[in-house]
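This is the structure I want to talk about, given as C-alpha cells.
Chain IDs A, B, C and D follow the sequence of writing; residue 1 opens each chain.
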Amino acid sequence: MQLSETISTGFLFLAPWLVFFPVIGLLINLIFGGRMSEKAIGWVASAASGAAFVVSVLLAYSVSAAHGEVLRWTLAPWMHVGDLAIDWTFRADSLSTTMMLVVSGVGTLIHIYAIGYMHEDVRFKSDLGRYRRFFVFLNLFIAMMMILVSGDSYMMLFVGWEGVGLCSFLLIGFWYDMDTLGRPSWANSNAAKKAFITNRIGDFGFLLAGFLMFWKLGSFQFDSVFEAAAEVAHNEPWVIVAITLFMLIGVAGKSAQIPLYVWLPDAMAGPTPVSALIHAATMVTAGVYLVTRSSELYTLVPQAQYIVAMVGAATALFAATIAVGQYDIKKVLAYSTISQLGFMVAAVGMGAYVAGMFHLVTHAFFKALLFLSAGSVILGLERGHHHLAHHGGHGGGHHEEVFDPGDMRNMGGLRKTMPVTFWLYMIGTLALAGIFPFAGFWSKDEILLDASLHYPTVYILLSIAAFFTAFYMGRQIWMVFFGEARHDAAAHAEESKPIITAPLMVLAALSILGGALNLPFEGFHNLGHWLEYTLHEVEALPLNLQVAGISTALALTAIVVSWLIYGRKPLTKGQPDPLKKPLGLIFTGMENKWFVDEGYWAVFVNRYVDISRFLADYVDWRFWHDFVHDKVIAGTYNWLSTIALNDYADQKVINWFFDGWGRATQWLSATTRKVQNGFVRSYALSIMLGVVVILGYLLLKP
Amino acid sequence: MNFFTEPLNLMLFFPLVGVLALLLIPSAQKNALRWTALVASLITFAISLWAFFFSGQYEAANPDLQLVAKFDWITVAGWNIQYHLGVDGLSILLVLLTTFLTPISILSTWTAVEERVKDFMIFFTLLEVGMLGVFMAQDLFLFYIFWEFTLVPMYFLIGIWGGPRRIYAAIKFFLYTMAGSILMLLAILWLGIEGKTFSVPLLIEQGGIPADIQWWLFLAFTAAFAIKVPMWPLHSWLPDAHVEAPTAGSVILAGVLLKMGTYGFLRFNIPLFPEATVKAAPWIALFATIGIIYGAAVSYAQSDVKKLVAYSSVSHLGFVMLGMFALNAQGISGAILQMINHGLSTGALFLLVGMIYEQTHTREIKVYGGLWKITPVFGSIMLIVALSSMGLPGLNGFVGEFTILLGAWGAGMEGGAFAPMGGVWWAGLSALGVIMAAIYILYMFQKMFLGPQGEIVDEVKKHGHPLRDLNWREIVTVLPLLIFIFWIGLYPAPFFDLMAPSVNKLVEALAAVAPMAMP
Amino acid sequence: MVPVNYYIILSAILFTIGALGVLVRRNPLIMFMSIELMLNSANLAMVAFSSAIKSLSGQIFVFFVIAVAAAEVAVGLALIVQIFKSRHTINVDEMNSLKG
Amino acid sequence: MTIDLILFLILAVVAIATALGMLLSRNAVYSALFLVLNFATVAVFYVLLGAPFIAMAQITVYAGAIMVLFLFVIMLLGAEKTPGNPKWSDYILPAGLALVLVLESIYLLISRGVPSGEIVQPEASVNSVDFLRQMGMALFNEYLLPFEVTSILLLVAMVGAIVLTKQEKGGRG
C-alpha cells in the first residue's frame, strides 16, 4: 500500500522532512553546539536548510509530475474534538512548493552568508557565545516557515504563522541587551516585543476568521473550506466578507500593512541576515501567501478584494514617502519592503495572484540582495572603524563618540573601497526600481498592468509609489557609494570576504534573471501556468507597452531627479539633507515616519498602560483588595469582634457579670474559710450537727 | 476485605504510608525526609499510571465512572452516605496531574525548604491525599470532607513556610474558601436529604430537581467553586496566597488546587443542575470574559513577578470557565485540557520564579534584566514556559485556548449556550486576552531576561554567590513539565481521547435535558 | 425474748456516747477509742438485725468492719506516733495546719 | 420478764457504764481498760444474738489485738494524762446534740417501727459446725471479692504503718 502511494505521489513522503531537517539541525546545534567550532555550527545549520531546499525541489518535481494534483501527507492527528478535526497534514501543490523553494532557497543562501556575517558581527559586539544561538533561531525559523507554507489547513498555517512571529521576536531581539549601536539599552528588546505584540494583534484577526470559518464553513482544511464557501457566499455573503476582512487584519500584522506596519522598521534591530531573510524575503510575505491561498474566498467577495487592494496601495505609497526621509541604510530598505509588500497585497487584492506571487519571488531575490549588501556595507564600515581604532593616529577625540555604521550620513565614496558590494547593490537597486530588464521590472509591471485594467485608483497610487521607490533608491546609491567619504571609517572601509559576497552574487544573478520566470509573452508565462494548477483563475496578460513605458519613464525620471539632488553635488560632512529646506514640514514628517509611532503610543500603548495600572493599583489593589476586603469586610468583622463584641458586649457586660460572680464567690469563701479552722473536733462537731439535722429532716418528712 | 487492592484506594491512601514513614524519621535527617517524601509521591504517581494504563481495569472508551470503590459508610438516621470513589474522563487527567505535580513540587523544595522539613513534607503528602480525594470522590459528603481537608495542609504550608505576610495570606485563603464552602455544604445537605442519597451518579440519574431550586443550589455550589477557581471578582485571595506561599505551595496551588474549583463546576454543577447551567451560562461567560481581560490587564501592571503570574492565573482560568460553559464538546474538552495546561505552564512558571528567587531573594521585576546572558538554560526554559503560557501554537497553551475559544464562539451562534446574551462577543472579547497575554508575558520575559544587565546581578555577586544557571536537580524538576508542554502542544490526541467519551456523554445529557439545540 | 428494738436503742446509746467522746476529748487516743466504740455499736445493730431476719449477711459485714477497724487503728496509731514525734504533743487543739 | 431480758438489761447497763467510763476517765489507760470491758460485754451480746463467730472475733481482734495496741501506744508516748481535759462547759453543746441524736433515733425507731420482732435465744444447732460452714461458704463464695479486698486493705495498712513510723536514717545513714 505504502509502495503504490509512494509511486503515485512521488517524493511526497519527504514532506515532513521539510520541517524535520531544520529541526534536526537546530537540535544538533542546541545540544552539541557547545563543543563545535563556529564554522561547523554554521555549516550544520546551512546544511539543514539546504536539505529542506532539496526536499522542496523534489516536492516541486513531484507536483509537476502529478500534473498539479494537490498532494497531501498526513503525519499525525492534531486536534480532534467533536466535529473539529485538524491534522498535521502537509500539502504540496504548485503554490506551496513555490513558497517552499523561495523560503528554503533564499534561506540557505542567507544561512551561508550569515556564517561570514555573524562571525564578524559577534566579534564586533564581543559576544561570541551568541553565534550558536543565532543559527538555532535561524533553523527554527526555516522550520516554522515550512510549516506555514506546507500546512494543509488554516490552523496548521497558523502554527507556522505564530511560529515565525516567535522567531522574528527572538531574532529582532537577538542583541537584546543593547541598541543597534551596541550600547546597553532596552531598545532592541523593545523592538522585538513590539513586533511580537503587533503580530499578535494580527493573529487575533486570524483567529476570529478561523472561528467564523469553522462554525460557518465547517472546517479548517483548505479545500473543504473553499467547497463550502461558494454556497455560504450565496446565502450569507457577510460571512465571507467577515472572514476575509478578519484575515486581512492578520495579513496587515504579518505583512506589515497599514495600520500594523509599525513593527517592521524597528525590526531592523535584528542582525542583517535576519532583516534580509525574515523581514524582507520570507516571513513578511506570508500575508501575501495567505491571501493567495485563500484566493477562492476573496474572489467570492469583491468588496473585500477592493479593501485589500486599497490597503496595499495605500501602504505602498505611504511607506515609500517615509523611505525618502530615512538616513539609516537598513531603515530605507525596511520602508521599501513595506512599500513593496503593499504592491504585492494590492496585487493579490485585485485578484492578480500570479502577479503578486511573481513579485513576491523576485522581491525575495532583490530585497534579500539589497539587505545583504547593506550588511556588507555595514561590516565594511565596522572594519574601517575597527581599523581606525587600532591605528588611531587621527587624534583621539572623535572615536569615543558613538559610531553608527548604518547611518548613510557617515558613508560616501564606498564605490572605490567596496567595488564588489557596489555592483551588487546596483543590481539590486535597479531591480527594485523596476528598470528593464531586471526582475523587478517584469513583476512590478505586471501588477501595474493589472491595476490599470481593473482599479484605476490603485494604479495611480502604485505608480506614484513606484516613482518614489526609484527616487529613494537613487538617493541611497548616491549617498552611499558616490561622492567623498564623510567619515574616516568610510574612507577605510574594506571589502567583505567571499563567503559573504558569494551568496550575494547568486542573488544578484537571480535578480537579473528572475524575470524570466514569468515573461509577459505568449508561451513564457511559466509561473502563471505553474500556479494555475492551484489558482483557478489566472490572467495571462500580454506586455502592455504603454504601462511598461510609463513606469520605466517614471523610474528613470526619479533616478535623474535623485541625481540632480544628491549625485550632482555630493553631500558633505555635517550637511543636512538637501530636501529638508525646500520641503520643510513635509520632510520633517517623512523623517519622523509621519509620527505614526508617536500617535500609536499616545492613543493605544500609553492608554493601555494607564488602564492596566489603574486597574491594578486602584481598582484591584487599593479598592478591591485593601478597601473592600481588608477595610470593609475584615475591618467590619474586626470592629464587630474587638470593639463591639469584645470591648463592649464582652468586656463591659458579660465580663462584668462574671467578674461580679467571681468577686462574690471570693467574698463568700473569705468569709466561710474561717470555718475551716483546722481543729479536728470542730469538724467532728459539724458532722454531728449534720447527722442531727438530717435525721431531723427524715423524722419530719412525712 | 480487599480494600487496598482497589486501585483508587491504593492510590489515595498510599501517600499516608509516606506520612507514617516520615513520622518515624528524626527531624534532623533532612535528606532522608526529602527522599522519603519524594519516593512516596513517585510511587503514588507510578500507581496512578499503573491503575489507568497498565492494570487493564481502566477503559478509555468507556464514558462512565470506572475503578469504582464503594461501600456504605454512614447510614444512621436515614442518611445514606457512601464511601464512593471513581474516575472517568472528566477527572482522570486531573488525578494524573496531581500525582505528577506532587513529586515535582517536592523536588523543588530540596534546597528551598530548610526549616521544619519534616512538617513540610508531612503536610505536603497529606495535601496530595486531599487533592486526590477531591478528584475521586463520587459522594457529595465524601467530596466535601476532602474538599475541606485540603485547606488544612495548605493553610500551614502558607502560614509556616510563607513570606513576610504569610499569616495574613493563610488566614485569608482559609476564610475565603470556607465562606464559599459553607453555602455548598447547605446545598449538599439539601440534596442529600431530599434525594435520599449523596451519591453523585445516583443524584444525576434521579434528576428532577425543580428549576427554581436548581438555581439556588447552582448558586450555592458556584459560591464555593467560583472562589476556588477564582472567578473575577472573587480573586482577591489569590495574589496574597501566591505571593506569600513557598514555591512548592504556589505550584500546587496554581497547578491543582485551583482546578478543584473548575473541576467542581464540571463534576457537580453542570450534570446536577442542567437547567440552571443553561440559564447561567451567559452570565458565567460574562464573568469569565471580564476575568480574562481584567486578569491580563492587571497582570501587566505588576511589579512583583509572582503576583504577575498569579493574576495571569485569573486570566487563564477565565478561559477554562468560558470553555466549560460553552457546553459543547470543543469548549468542555478545551477547558479540561486547559486545566492541565495551566497546571503545567503556570506550575512551571512558579517553579522557575522560585528557582531564581532562591538565589536573589527578590521578586521585583525591575531589579532583574539581561539574565539570559548569565543563565542561558534558565532563560531558554523560561522562554518556552512563557510562550506556552501565552498560547503559542505548537505548545500546550494554544491547544487549550484555541479549542476553548472555538467552542465559545460556537456557543455564541444561534442555539448555543451563549446565544441568549452576548453571543459571539464573549469569544471575540476573550480572544483579546490572547493579545494581552502576549503583552504581559513578553513584558515579564523582557524585563527579566532581555535588556541590559539588572542591578540584582551585581547585588548578588556582592554577597559572594554570583548568579548561577540551573543545576541538574532543577533541570530535572522542570524537564517533565517541558516534555508535556511540547507533547500536548504537538500531539494532544491521547489526552483528548481520554476525555472524549465522558465529555460527549455530558454534552449529550445536557442536550437531552436542556431545552435547547446544542450546536 | 428481747425485742430487736432494745438492741437498737442500746446501739444508739453507745454510738452517741462514742460520738460525744470524739467531740469533747482532746486526746486523740481517746478519740480513737470513741470511734472504736461507735463502730462497735454499729456492729451490734447489724448483728441484731442479722439475727432478727435470720440472714448471715449482717454477720459477714461485721466481720469486714472488724477487719477495717483493725486496719484503721494500725494506720491511725502510726500517725499519732509520728505526730507526737515531730510536735511532742498530741493535743488535737494544737493542731490546725489544715486551716483554711 | 424472761431470763433473756434480765440478762440483756444487766449487760446493757454494764455496756453503757463502761462506755461512759471510757468517756469520762482522765487517765487514758483507764479509758482503754473500760473499753476492753465494753467490748467484752458486746461480745456477750453477740453470743446472745447467735453469732458466736463474731463474738470470738470481737474478743480476739478488738479486746486482744486493738486494745493492746492502744495500750502500747499510750505507754510508749507516756500520754496517760493529757493536759486540757474537757471542762463541764465543753460538754454542753456536744451533749445536747448527742441527746437530740439519741432521742431522734429512738423516736425514729418507735414511729417507723421498722425492725420488729424479738430475738429468740438460738437453738444449740446454731452453734454447730454446720453454721460455721455456712458462714465460711458465704465468705468464700458470695463475698470472696470483698474478702480479698479486705486482705489487701490490711496489707496496705500494714505497709502504711511501717512507712509512717519508720525511723529517718538521718545523719547516721
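Assume a residue touches a chain if its C-beta (ideal position, glycine included) is under 8 Å from a C-beta of that chain, and two chains touch if they have at least 3 such contacts.
Keep in mind that this is a model prediction, so the values were computed, not measured.
Q: Could you name the chain whose CA centroid falls nearest to the centroid of all protein CA atoms?
A: B
Q: Between chain pairs A-D and A-B, which one is joined by a greater number of C-beta pairs in contact?
A: A-B
Q: Let me spell it out: compute each chain's centre from its C-alpha atoms, then which one is farthest from chain C's centre?
A: A
Q: Taking each chain's centre as the mean position of its Cα atoms, how many Å separate chain A from chain D?
A: Between these chains, centre-to-centre, one finds 116 Å.
Q: Can you check how far apart chain A and chain B are, centre to centre, with Cα atoms defining each centre and the answer in Å?
A: 33
Q: Distance-wise, how many Å sit between the C-alpha centres of chain A and chain C, to the nearest whole number?
A: Spacing between the chain centres: roughly 111 Å.
Q: How many angstrom lie between the centres of chain C and chain D, each centre taken as the mean Cα position?
A: 7
Q: Quick check: what residues of chain A touch more than one other chain, meaning two or more?
A: Residues 685, 688.
Q: For chain C, give me the residues that contact two or more of the other chains.
A: In chain C, the residues touching two or more other chains are 19, 23-24, 26, 93.
Q: Give the residues of chain D that touch two or more other chains, as numbers and ranges in rising order.
A: Within chain D, residues 94, 97-98, 101, 105 contact more than one other chain.
Q: Which chain pairs here would you call touching?
A: Pairs satisfying the touch definition: A-B, A-C, A-D, C-D.
Q: Show me the residue ranges of chain C that touch chain A in the complex, using the header's touch definition.
A: 19, 22-24, 26, 31, 92-93, 95-100
Q: Within their complex, state which residues of chain A touch chain C.
A: So the residues of chain A in touch with chain C come to 673-681, 684-685, 688.
Q: In their complex, what parts of chain D are in touch with chain A?
A: 93-94, 97-98, 100-101, 104-105, 107-108, 111
Q: Touching chain D in the complex: which residues of chain A?
A: Residue list for chain A touching chain D: 685, 688-689, 691-692, 695-696, 698-699.
Q: Quick check on the complex: what are the chain D residues that touch chain C?
A: Interface residues on chain D, with respect to chain C: 2, 4-5, 8, 12, 15-16, 19-20, 22-23, 28, 31-32, 35, 38-39, 42, 45-46, 48-51, 53-54, 57-58, 61-62, 65-66, 69-70, 73-74, 76-77, 79, 82-86, 90-91, 94-95, 97-99, 101-102, 105-106, 109-110, 115-120, 122, 134-135, 138-139, 143, 146-147, 150, 153-154, 156-158, 160-162, 164-165.
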